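Just so it is clear, A, B, C and D label the chains in written order, and each chain counts residues from 1 on its own.
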């Protein structure tokens, strides 16, 4: 991924990068792909009927992560309130999806990898959220 | 749009639809398209340099609205906490984008239409949010 | 939806709208929501294990429709080659998803509505594609 | 990214991975983020009025790349025709965006990085497309 390079070369940033936010964006895009793939892998399991809540949380988490990764990538002008709220919502979506995947991690490797990816993304979202102070708007 | 029909025919819903949520989903997808189009119309204006904050808020609002419309469409299992947080974040994104478009509404019809669409979406998001009670998770 | 209004007020369009493209954009966003909802409704069916191919085509169709609706909404500058290819790909995605949903339409109303929505979107994509002539690039 | 791990642990894949497709998916998500960030960086430039075609191609490329990365991640059931068409369309979107960014690469580092990312994504899409043989459908 080129997140660091792209933000470092932004005309309004000029090298003064928020590294917590950069790690958060990378984690969000990784997690969007991982959750999309985990939903599909669960769908391919013989016991899919027991995995419908997992698939649903995976799909929701993927949508939230993708939106968060893209909104977080914009540095022109300002929209700190939305970035912060979205990152916080993303941390919660990752927590809930990670909890559910954890329950299946022993039997299904894709859920084990997805649970770990969600945990990492949750942590990096929480660290990034603390660095963003919305102005009153 | 077929939001009402699709939710009414869902096996877990069986006609017991949340009409405020249905209107919210329709508004979110409408607003995602409108904000995408407004960003592009602003980009086509001779005075684009004065509209960069407007374009940025449009793009952020479009991403949040699209994610909210899709996550809100899922009724299998449960993820009320994320739906509620996302709808609340979407209401704020629409408020900020609508405020900015309003400043240009007198001179640019696309910003006038977009401001109205954002206002409607904000209102319908707030009405839908009140109908969703997250369980402790 | 405000597709017609937004395109009519675009500074590069000035009322000279491509109505086939406008109908295509509306259909794509409608179909993205319908397919997302149909995937979720299939997931909620007791016989979900027989519907995994349907869910997969629904999710693919939703992703392609959403991208097509947004890319088709941009009128600044030009990118006809990509709009045309994407609309043609979208027509195929709708055809395949509509065919699959048709097989389940008798027993599940959400698949019946989704099949009809996919057929409409396929037809409107094909009509719009013919109006777009890519320049050699 | 966890693309390789997620596909290798899919119940229908069982280690028999298509490595060209895996590299393509990774490149598409990277390119979606890079093009989103380049559009925003162009928007932040003093000479934004000269960069509107670049911003438009960036936004289109980002939408196509994101959809391609997600659709390509699904391995349950089959939808080879759509994956192949989408990857081919993505290669063209990357070619056109890369060409445009190249024109500005000397003066703007974000366009230089984006042009390189688009070139890589184009090449990996073309390599992946050749490995996917759609069945007659």
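Heads up, the rule we're going with is that a residue touches a chain if its C-beta (ideal position, glycine included) is under 8 Å from a C-beta of that chain, and two chains touch if they have at least 3 such contacts.
Note that the coordinates shown come from a computational prediction; the quantities given were computed from them, not determined experimentally.
Student: Would you kindly state whether over half or under half of the residue numbers at the chain A/chain D interface are used by both copies, giving same or different?
Tutor: same
Student: Fitting the CA atoms of chain C to chain D, what rotation angle results, rounded to the nearest 5 degrees?
Tutor: Here the rotation carrying chain C onto chain D measures out at 180 degrees.
Student: Calculate how many whole Å lie between the centre of chain A and the centre of chain B, each centre taken as the average of the chain's C-alpha atoms.
Tutor: One centre to the other, that is 20 Å.
Student: Rounded to a whole Å, what is the gap between the Cα centroids of chain A and chain C?
Tutor: Computed value for the inter-centroid distance: 27 Å.
Student: Going through chain C residue by residue, note those that touch at least 2 other chains and give them in order.
Tutor: Residue numbers touching two or more other chains: 40, 43-44, 46, 52, 56, 59, 66, 70, 74, 76.
Student: Would you mind writing out the residues of chain C in touch with chain D in their complex?
Tutor: Listed in rising order, the residues are 52-53, 56-57, 59-60, 63-64, 66-67, 70-71, 74, 76-79, 81-82, 85-86, 88-89, 92-93, 96, 137.
Student: Would you mind writing out the residues of chain B in touch with chain D in their complex?
Tutor: Answer in residue numbers: 39-40, 43-44, 46, 48-49, 52, 55-56, 59.
Student: Can you list the chain B residues touching chain C in their complex?
Tutor: Against chain C, the touching part of chain B is residues 1-3, 5-7, 9-12, 25, 29-30, 32-34, 36-38, 40-41, 43-46, 62, 66, 69-70, 73-76, 108-110, 113-114, 117.
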